[in-house]
Amino acid sequence: MTDTQRIRFLSTSLIVGFFLAWEVLCILLNVSDLVLPRPSEILVTMWTRFPVLWPHILQTLYSTLVGFSLGVVIGVTLGVLVGTSKIAYAVAYPLLVGFSSIPKVAVVPIFVLWFGSGTTPAVLTAMVICVFPIVVNIATGLATTEPELEDVLKTLGASKTEILWNVGLPRAMPYFFASLKVAITLSFVGAVLSETVASNMGIGNVMMTASSNFQVSLVFAGLIILALMGVALYAVFSLLERRVTGWATRGNDIAVT
Amino acid sequence: MTDTQRIRFLSTSLIVGFFLAWEVLCILLNVSDLVLPRPSEILVTMWTRFPVLWPHILQTLYSTLVGFSLGVVIGVTLGVLVGTSKIAYAVAYPLLVGFSSIPKVAVVPIFVLWFGSGTTPAVLTAMVICVFPIVVNIATGLATTEPELEDVLKTLGASKTEILWNVGLPRAMPYFFASLKVAITLSFVGAVLSETVASNMGIGNVMMTASSNFQVSLVFAGLIILALMGVALYAVFSLLERRVTGWATRGNDIAVT
Amino acid sequence: TDIRFTLGWKTQGSDAPFLLALHKGYFEDEGLNVTIDQGEGSAATVTRIMGGAYDAGFGDINAIIQNAAARPGEAPVMVYQLWNRPPFAIVTPKTAGIEAPSDFEGKTLGGAQGTPTTRLFPVFAELNGVDLGKVAQENMAPNLQEPMMIRGDIDGAFVFTSTSWFNLIANRQDPAKDFNWFNFEDYGMDLYSNGLMVSRALLTENPEAVAGLVRAVNKATMEVAANQDSSVEAIMAFDNLVDPELERARLEFALTNLMNAPEVNEIGMGDLVDERLTRSIEIVAKGYELDRLPEASEIFDRSFLPPAEERSFEVTIN
Amino acid sequence: MNMSSNIPARDAQPVQTASVHSRPALELQNASVVFGSGANAVTALTPTNLKMERGDFLALVGPSGCGKSTILKLVSNLLQPSEGLVLVGGKEARAKELRIGMAFQNPTMLPWLTIEQNVMMPLKIVSPFKETYRQDKTGAFRDRVHALLAQVGLKDFAQHYPWQLSGGMLQRSNLCRALVHEPDLLLLDEPFGALDQFTREELWQIMQDLYLDRKPTVLLVTHDLREAGYLANRICVMSARPGRIISDEPVNIPQPRDIGMIYSPAFVEMTQNLRELIAQVRST
Amino acid sequence: MNMSSNIPARDAQPVQTASVHSRPALELQNASVVFGSGANAVTALTPTNLKMERGDFLALVGPSGCGKSTILKLVSNLLQPSEGLVLVGGKEARAKELRIGMAFQNPTMLPWLTIEQNVMMPLKIVSPFKETYRQDKTGAFRDRVHALLAQVGLKDFAQHYPWQLSGGMLQRSNLCRALVHEPDLLLLDEPFGALDQFTREELWQIMQDLYLDRKPTVLLVTHDLREAGYLANRICVMSARPGRIISDEPVNIPQPRDIGMIYSPAFVEMTQNLRELIAQVRST
């Protein structure tokens, strides 16, 4: 108990220290607030503009979560396909890799041309951007499942679906959760990206408006808000992860300590 | 042998089929080439403009690879830290998650203002964008290492570093390679992103110019080139992966088949 | 009728005519259900309309010229010209020592590739005897131009006056005192620029709606010219993120520098002079290396304009 | 003398007719297994013939690495023979004609499930249990699993995870998982290896009761000749790698057998004979 | 009678003085282990005292789940005692005062290494071998590993991966890994469990030669009383969970012992006595 408390204390103070260092460095090096505002300025902006920012925060959160959820569903489905069928592997992987190497910023305008601006392209972008990491990790998790574990079900005459549900997917859970952490941050990036290109709402729109008016501290307020939302969702998944994949990290919460 | 050949044939024809479907759908639905050019048009553009594109391709490849390599080094180092130390986990993870939730497009201008436009911000962007997936997967790989395997070395009085090198890292290799696939595509995205913001060279710059000139098929040629480069590098890693993590996918190249 | 309308950029003071019309219900009065979205560039307005996602928008006539050349019969059509004068300019800090176009030689200029200012620079150079080969150019995103110029990374930037003027203020500069402005219109390039454009489809299938749209915008424009208070109110109602003072200043800048021209006093707001348009088509064709010169009639359609007396434009700043 | 031919069909499946019984439960016809190819090829099993009637209890003994586990894997269709045929219940192994219960040599409990959930897994997968799995998993099935676990002395560990158990405890849960769905064909790969003599003897008795009660076909791999002699009614001896069955003898002692019997002179003599046989093979 | 007190220091380490030898190789002082807490707490080991002099060969027998593996894990510092002290070579276990070789109950070969590489791992980690590992790994060390593998009958499998080996073969390589770096303290957890009787007896003899040659301290967990009697010079019996040492008897038979001895009446009597002792404990 005291041990976790110590770690929590240390980590909090280190994170606070990070922001303090930022503040101090900005003052010492005399960095213009047009290049990099100080955290204190950002905080003030965030606080004073909060009522205005709030609906935008909700909008971004909404687009991100919807896109992310769809992305997870698609990602897991594709991941299972790629991880269990050689043909899907040989077909889908190159296509997915190719598609993922494309900057989404080039794809958003196409979405806008198809669906108009607003929530739809944001959701779509948040979705497509987060599919690939999930696919890769699910597929890898399935491919590295120990055959011995599958054998347990095979002797019982289990169907491939049963093996998948009872061995493959549980075994791939640590991989899945690792990918979720990456995917949620990418979803945020995607939604915001789309909002900067085509939307009247959302943190992305705020940041774009702010940056084109050189309200740099508002831009950074947007960034910090995004970061906080990312961390919050990450925390949710972490909790879920600890419940679901405790078996894989048993004993040592973290490997060597 | 004939089996792999069959799969190769099937996958090739399915991928070709994908592009054919694209072509046919564009013709049938009468999609304007402003919205989505047909693959044949893109191919023609790619072919005729290739001499002009070539130096840009090299530039983007260069930035991407340099940034990616740096990103891998940093990612693995951070991943090991996060995966082996509770404090690093508690400090670095929130910061990393927060930073990753920030669209890199907001970060590039800062890089440009600090380091000037051109290759440096592209390399940096390619670097920072690919660190996170690597960190997450390395850390997860280390955290899910079976204690029994570590015990083998612990009884011998091995130091933590020895355990890391001889058990943790080899065990985390499947995770590492999964993350590399995601990381390399992100690196491409990062480099191109930076090139669109401030650069006179690179595929990103070409696409930016092309899109502001409404040369949509040149934009798509750029996208396809990016996709191809991504797939090529993915193939390299796949090969490496098969050599290094064969033990984890033994027997069944892909899980259930 | 549903009209999907795209602005040229994020909400700006100069969008007041449309936002006021929306705010005050002028569109509704014409039986139009208009939804306004922010844009991604006044050139992109053209693509957005051509792609079919939008029916109308606030965008650059030169982008229409460009697209009409490549795809005759597909490009949108300008139906109400708002900015009679072009905002295209090169801005240089006084410290760079650029007093005349010839001084550009040996210097580095920066701009976003493909913006009209950047793309038309070769024409500017030719008209003003600048050796293009001696001018270095850097590509960069629009929001990097002023900071990089202030830092001295570039000696000048290809800008829109209405944007850059205020960007410089935001960067704590004095745009009037410390900078030299080379407005393209002063250097033989009296182009038209932004206005209300509609898609070909809307034009042919629903001319009624177009007429209503133009009437509403015209009514609002007149009001904006007379009363900026209500304009700012309309802007803030649309987007409460922007700084009202800044946007009021930007609106005033647009009214006085871009919309209020001698020509407007003669022909009225919304209209343009065909010879001047034909001339600018040639300039644009040269700058963008177009292989076809579109007719002025492909670009602009004055048939929806209200009678001239309803379009007499007089700016009063309050 | 082979005792298995006149064992009555078990009550649970009265529909099975004589014609079904005439088909042997298990048949290896010249089945061989070679792993790898070329220079790296390892012959795990030379062409082998083996036939088990329904209700047979066959013990397979032989030196380490001779192919015992390989035979079990062939029968459970985890491996395909490189050559020859493997018939289970008269059909190819992959048809899963018989309900199989297998205790792996290395207890591979699924690490994300508790012991109870692990042991219950066959009920989730195998007909007719899986049809009512949803209703019964917290009722009848749970009770069945707990009863089994209690029999092997693990009633306090149902909610534990595999890594919280000792080696012998894992092996006992492994056995439970093989038995829980009342298989027709039991494949046991050294199921008592990691246990002390007393626990082992207790489980032998449980095993014998179970066998006599339901008369499944059992193929038991073991290194313990007394275990083989006490439980089986047929003992096959295999030679060293590449494996081959070199002796196939019935155990002519009526069942049920008393555990004290393993100290009787007749029994000791039988195991002694087997011992010598194996020793002979080794030395050649 | 305890025979270990007058065993000469081994030649390899002539610097060790009598004072070092006066410290026992191993000492458990009221060491107990409790897993988990509250209602879920499992007592794996009640406070236990155990002392081994250098050169002792102690066999630990007891029912499944009584805490034998737990004791080995305490000694090798994989577990810390919940209470009490564990001293190895006179210092706390974590000091790693003695060079330890451990054969785990479950052969945990690293799956990405071949058998040869797995067996060579201790040489890569443990002084003084690790200092010359780079030069010797393809020379002297390789030869040493191959010699060991040949002794246990695995010379053809050096380049195989763990999953290509049978259960018994894995266990034999596991033993090799425990021996390869000539440990001072050998911890063997049922190292011969998955082997047939003959292979087992062969390995017993190899084990005995090795012990008599280098006189390491050996702690052997086994279920086989004959194995204990043949190899050890002291046998400890543990009660059922929660474990406790209930008997600690020397084996008064001079070493080296002949394998035939295990059929001698005196030996049979000794094992019979132990058997009865264990049976008694179980029934109480």
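Think of it as A, B, C, D and E in the order they're written, each chain with its own count starting at 1.
Keep in mind that, in the parts below, contacts are C-beta pairs under 8 Å (C-beta built on N, C-alpha and C of every residue); 3 or more make two chains touch, one makes a residue touch a chain.
Labels paired with UniProt names: A, B = ABC transporter permease; D, E = ABC transporter ATP-binding protein.
What you see is a predicted model; the values in this text were computed from it and never measured.
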item: Set of chains adjacent to subunit B (ABC transporter permease) and to subunit C; value: A
item: Subunit C and subunit E, separation of their C-alpha mean positions in angstrom; value: 86
item: Chain centre separation (subunit B (ABC transporter permease), subunit E; CA means) in Å; value: 49
item: Centre-to-centre distance between subunit E and subunit D (centres being mean Cα positions), rounded to whole Å; value: 31
item: Subunit E residues counted as touching two or more neighbouring chains; value: 106, 163
item: Contacts with two or more other chains, residues of subunit B (ABC transporter permease) listed in rising order; value: 34-35, 109, 113, 147, 196, 211, 245, 248, 250-251
item: Multi-chain contact sites of subunit C, meaning residues that touch two or more partners; value: 47, 51-52, 143, 147
item: Category of the chain touch graph - line, ring, star, complete, other; value: other
item: Interchain contacts (touch definition) - all pairs; value: A-B, A-C, A-D, B-C, B-E, D-E
item: Residues of subunit B (ABC transporter permease) defined as touching subunit C within the complex; value: 32, 34-35, 109, 112-113, 116-117, 196-200, 205, 208-209, 211-214
item: Interface residues, subunit D side, partner subunit A (ABC transporter permease) - complex; value: 76-78, 96, 99-100, 102, 104, 106, 108, 110-112, 121-122, 124-126, 161, 163, 177, 181, 187
item: Touch list for subunit B (ABC transporter permease) against partner subunit A (ABC transporter permease), complex; value: 7-8, 10-11, 14-15, 18, 34-36, 83-87, 89-91, 93-95, 97-106, 109-110, 113-114, 132-133, 136-137, 139-140, 142-145, 147, 150, 160, 163-164, 168, 174-175, 177-179, 181-182, 184-186, 188-189, 192-193, 196, 204, 207, 211, 219, 222-224, 226-231, 234, 245, 248-257
item: Subunit B (ABC transporter permease) to subunit E touching residues, read off their complex; value: 146, 148-149, 151-158, 162, 166-167, 170-171, 173, 245, 247-248, 250-251
item: Residues of subunit D touching subunit E in the complex; value: 35, 42, 61-65, 68-69, 105-106, 153, 160, 164-169, 171-172, 189-190, 193-200, 223, 225, 275, 278-279, 282
